[in-house]
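Which chain is which? They are A, B, C, D, E and F, in the order written, and residues in each are numbered from 1.
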Amino acid sequence: MDQLIELWQSTGIYQMEPKQLLMILVSLVLLYLAIAKKFEPLLLLPIGFGGMLANIPGVEIAVGDGVLAQFYSMGLSTGIFPLLIFLGVGSMTDFGPLLANPKTLLLGAAAQFGIFATVLGALFFSDLGLFDFTIRQAAAIGIIGGADGPTAIYVAGMLAPELLGAIAVSAYSYMALVPLIQPPIMRALTTVQERKIEMTQLRAVSQREKILFPLLLLILVALVIPSAAPLLGMFCLGNLMRECGVVDRLTKTAQNALINTVTILLGLAVGSRLIAEQFLVPSTLGILALGIVAFSIGTASGVLMAKLMNALSSSKINPLIGAAGVSAVPMAARVANRLGTEANPHNFLLMHAMGPNVAGVIGSAVAAGILIQIVG
Amino acid sequence: MDQLIELWQSTGIYQMEPKQLLMILVSLVLLYLAIAKKFEPLLLLPIGFGGMLANIPGVEIAVGDGVLAQFYSMGLSTGIFPLLIFLGVGSMTDFGPLLANPKTLLLGAAAQFGIFATVLGALFFSDLGLFDFTIRQAAAIGIIGGADGPTAIYVAGMLAPELLGAIAVSAYSYMALVPLIQPPIMRALTTVQERKIEMTQLRAVSQREKILFPLLLLILVALVIPSAAPLLGMFCLGNLMRECGVVDRLTKTAQNALINTVTILLGLAVGSRLIAEQFLVPSTLGILALGIVAFSIGTASGVLMAKLMNALSSSKINPLIGAAGVSAVPMAARVANRLGTEANPHNFLLMHAMGPNVAGVIGSAVAAGILIQIVG
Amino acid sequence: MDQLIELWQSTGIYQMEPKQLLMILVSLVLLYLAIAKKFEPLLLLPIGFGGMLANIPGVEIAVGDGVLAQFYSMGLSTGIFPLLIFLGVGSMTDFGPLLANPKTLLLGAAAQFGIFATVLGALFFSDLGLFDFTIRQAAAIGIIGGADGPTAIYVAGMLAPELLGAIAVSAYSYMALVPLIQPPIMRALTTVQERKIEMTQLRAVSQREKILFPLLLLILVALVIPSAAPLLGMFCLGNLMRECGVVDRLTKTAQNALINTVTILLGLAVGSRLIAEQFLVPSTLGILALGIVAFSIGTASGVLMAKLMNALSSSKINPLIGAAGVSAVPMAARVANRLGTEANPHNFLLMHAMGPNVAGVIGSAVAAGILIQIVG
Amino acid sequence: MSELMLEGFNLALYGMGFVFTFLVLLVFLTVAMSAAVSRFSPPAPTVVPRRRTSKRKDSGSGASAKSADKAQIVAAITAAVRQHRQSD
Amino acid sequence: MSELMLEGFNLALYGMGFVFTFLVLLVFLTVAMSAAVSRFSPPAPTVVPRRRTSKRKDSGSGASAKSADKAQIVAAITAAVRQHRQSD
Amino acid sequence: MSELMLEGFNLALYGMGFVFTFLVLLVFLTVAMSAAVSRFSPPAPTVVPRRRTSKRKDSGSGASAKSADKAQIVAAITAAVRQHRQSD
């Protein structure tokens, strides 16, 4: 009989605390968004599932010797998982549109203003006494505005691992919501006339330029902002592998088996940070609120930068592609294209928007390097 | 000259002890079974090869800093390898037949009686003074009756790592022998009339049911038997990835590169436990003897449960499919199908037997959770 | 203002030391050779890129907690990466030509003389006071003459990790230069008449022989030179997987996702040893000089061994295939074929040269075992 | 009976009990889930021919997939031939 | 204004400054690199139809690749049909 | 000669000796193994066209495989065309 009581006490029903139940519901919502709404399913599915596992009471999965805790300490504490993801992303990125129109790099720079504005916002919350974010935490929250999942996870793992769960969930959710968040801002800041601007077909880019670009980028990183070198280094390696044409078998693995395996493990490791004690804190609400602000400001500053460039230069660009500077590849570029076609059915902006789009990846990695450099 | 003697003393011929030679022969037998007899070759080939490497004298491969010892501490001590295998198995499992006929889950429950009967058998041996199994060791031996390789390795790694080699060899060998072990038992316990029972075509199962089932299963695990959550969690994640249709690239990797890589490493790590000192002990014989008992009792209880269900219900099932409840996917289901066709050429039981077959995987994972919970 | 100065001091321009700049140029040369000249690109591309990352000042990438340092301690200190590469190479090796003409194994033995002659050369340098190589370092340098990348990296990691960068760069560079290094030596040591010798078509080899060979090889290793067992063990496992025909899905992964992933990580880990402090030392020049000597002597002794065999036996072999005994698979075999066709357009030596070519892999792994045994 | 055996019987009893409890619950929940699904999404064309990511052989559907492929190929060829003739 | 906010403004100022500096430099270097490449390897047929290892969809080129494939298939079938007729 | 060189000569001597011993033994064992295999499984059709899991190029067989494929395609098309005509 004693043993039966002991067994009953070992069940989840007996041990479940309300906050764990709540976190399981939150995780189910993430799974619902991933599966039914196709919100960044590659990441949100393993994150949501990891969140469920992490909140099962009475068994160590996300802490101690648990398997998710091991994935966390193996790949997130060390930074290895996001860096390998960056390798894979690099090997899937085509810098052609960017090389055909390099000034779109400036759009990728402007959109990073979302990051720093959000850092200020987080610190302002602290100032008001609403939350108690340190400068490291504020920097980690700001990086959500980079609209780049692995960068956000990498920076959060370095600067504020205690917020990693909330930051990752916020970053991926808003990336999925880009088609809803961006259009009103883009419409508000542009005239129909501007949205109708057609852009000339991009010039062809030679293979040699594509091979030299990642090396050029890495050297510039080495000279100017070394702390961005791990992230951009892996990115450039992936891209060089892709473009050089002599290591196709490595490229194929980096694009498939390697990135997929790491995505599963990284998702589960991030999910392990959705344990109730860590996620169900007021600051999570603050992070979610700041995250959407970050995306909005980034979008706006990208568009405004495009308008500024038009004011200063004779060759006009469609300001919609400025919004793609936040990264969120390739969603933001598609949004720009959609709004362009809406205003002018002959307006195909997709390729033109891919330039600022990948520039945004570089921009947020540089911003990440600076944040790590200054507050890390 | 001294150096020549030293060199001679470094050779394997000089250092080889009889028991190492014997273990190399045992390993060669495993390789023979894997290659010539196709006995679970995916696992027994790396296990057998690892066994050979582990018993080469004069070089540390399976102990200390040796590479197999590193694979062991990386993946078996931590439980990571069997859990990743379970992820892959989940991503290859179709719960359709089970969902079309959920009461076959009971067959998967009944067949787990083999596990607990074997635990008792092991303890009885201890009682008789034949062997000296502790309760933890008895539990680890019993799990052989689950007829599921990764579950057996996971539980043995938790409860009795010193027996892991013998338990894994026993589990995989008897799984390969299912087509020989099961038929006499199945024939003995059923009449020709019963074996002739035809079953109606299974209903079509919607994708939505297939998506909800792994979540349902995980939630039930969380509520009732949390200690089964690592195993069944990874299994359900793999299955959800498979069925949800939005992460196909992850599923493909889980089904191929990931599970194959882990299978090689896990096989070698298990092989490292075939070192003579650990494998050539009397208890290994006990484990081999108990293993076949476990399979036989599991088979019998599955069949008898099916007959009981027929006695209580009007919709008849063919009792042969009860034997598939031991898992040993998909071999046991094929055996049931073969005996069915033998008795009645129009009797196609394969799909019907897949239900209890995958139910057996769930059942033994639940049993594993209970054993870890109570004696772990 | 202070912060601006601090930021300026954090840039690479400020912190870059001349030797780091020099190493970045060296790395760029490696990348150029890999991409433009197709010098062993699968390895030299990640090595060169890793070398660039390792020499970026002001950020820990190749030391401390840096990601390359982690790859190094994960896979090179432990020996795991080269062993997994050997698994993959084994799974891609066809022993057919060797089995059809087993006496070509002797050519693979003779060519290893390059290894030991180079060990003597390195010690002679020490004797002269030019460099200060210990016997362990000399052994690690000698293994370059094995013309086998993973073997060289494995041995260097065991015996002289401080030289690993220079040894790996030397080994892969000279392997790529085989088409330039070997022909003059081969022409100098053979008459046109010898180069014209046609060889009879190789007999068909049964699958059973191909399955038994890796087991035979492993058993001989176990009996005679156990310290070669990790390397040749993994090689034989890969080959057995390939030939047995029952684990094709494992073989496919070992040949693709697994070896490709490990190649990327191993290349980066080796690249981490190109840090200026470690690579820009006089001994690197010595290693590069000794490396080419090693290749040349290996080539010469292979050819001379073939001539000796012709002198002693009635069935003539073309002495060009002796040069393939250094390994450098499959380049050396192609060189032999090219020179053969040059002398006699009906002379197809490729298949005949594959025998000594793979024998050279076995030979240098055996030599590696002996070196580790005696000086390790 | 020894202490150890007693412990073993306890383990077996509770163990089988739990396994059955669990799977019986799962039967009920599964039936309920399937009922709910068919109620809330009633007449949908259920077994969509799903993209096969699995490597498992299931001879039945595989064969039909093949014959469908074949039909498509034949159709494509037929169309091509027709087009070719018209362009003559 | 608090110490913390001040630190924040500093961070934002230097941060955005650095990001812009970096990307402006990158624009110049990229333009220079492209110019150098086109000078030293002038009239080469630039966009070689490279082997695609990437899985990314890019509708444009994908579509043209498809239609090229289709053309090839049609050509192959045409040839096969012609051959078939001649052999009749 | 220095101590170190002496050690080196020893190493080279034993090393080459061992390498040769090993590979000579391997030659004998391999020959014996092949003889045994051909004795105990004599006239089997040896080189079965094995499933190729390897990526290695070997131009010969590759070419023949291709031409076989081509022949099959031509045959398939021929059949399709014939069928198409009959159904006209």
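Operating definition for what follows: a residue touches a chain if its C-beta (ideal position, glycine included) is under 8 Å from a C-beta of that chain, and two chains touch if they have at least 3 such contacts.
Composition by chain, UniProt nomenclature: A, B, C = Oxaloacetate decarboxylase beta chain; D, E, F = Probable oxaloacetate decarboxylase gamma chain.
Note that the coordinates shown come from a computational prediction; the quantities given were computed from them, not determined experimentally.
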| item | value |
| --- | --- |
| Required minimum of steps from chain A to chain D, each step between chains that touch | 1 |
| Most widely separated chain from chain A, with each centre as the mean of CA atoms | F |
| Copies chain B and chain C - rotation angle from C-alpha fit, nearest 5 degrees | 120 |
| Same-interface partner of C-F, chosen from the options A-D, B-F or A-E, over half of the pairs matching | A-E |
| Homomeric contact chain A-chain B: same or different residue positions, threshold half | different |
| Interchain centroid distance [CA atoms averaged], chain C/chain E, Å | 36 |
| Computed distance of Cα centres, chain E from chain D, in Å | 40 |
| In chain D, residues with contacts to at least two other chains | 14, 18, 55, 77, 81 |
| Per-residue multi-chain contacts in chain B, two or more chains | 3, 7, 224-225, 249, 252, 256-257, 374 |
| Touch list for chain F against partner chain B, complex | 10, 14, 18 |
| Contact set on chain B toward chain C in their complex | 3, 7, 10-13, 15-16, 24, 28, 31, 34-35, 38, 41-42, 45-46, 49, 52-53, 56-59, 61, 65-67, 70, 256-257, 260-261, 263-264, 268 |
| Touch list for chain A against partner chain C, complex | 78-80, 83, 87, 211, 215, 218-219, 221-227, 229-230, 233-234, 236-237, 240-241, 244, 246-247, 249-250, 252-254, 256-258, 373-374 |
| Residue numbers on chain B that touch chain D, as the complex places them | 91-92, 94, 98-99, 102-103, 105-106, 108-109, 112-113, 115-117, 119-120, 123-124, 126-127, 135, 138-139, 204-209, 212-213, 216-217, 220, 224-225, 242, 245, 248, 251-252, 255-256, 359, 362-363, 366-367, 370-371, 374-375 |
| Chain A contact footprint on chain E (complex, rising order) | 2, 4-5, 7-9, 11-12, 14-16, 18-27, 29-31, 33-34, 37-38, 41, 44, 46-48, 50-51, 53-56, 58-60 |
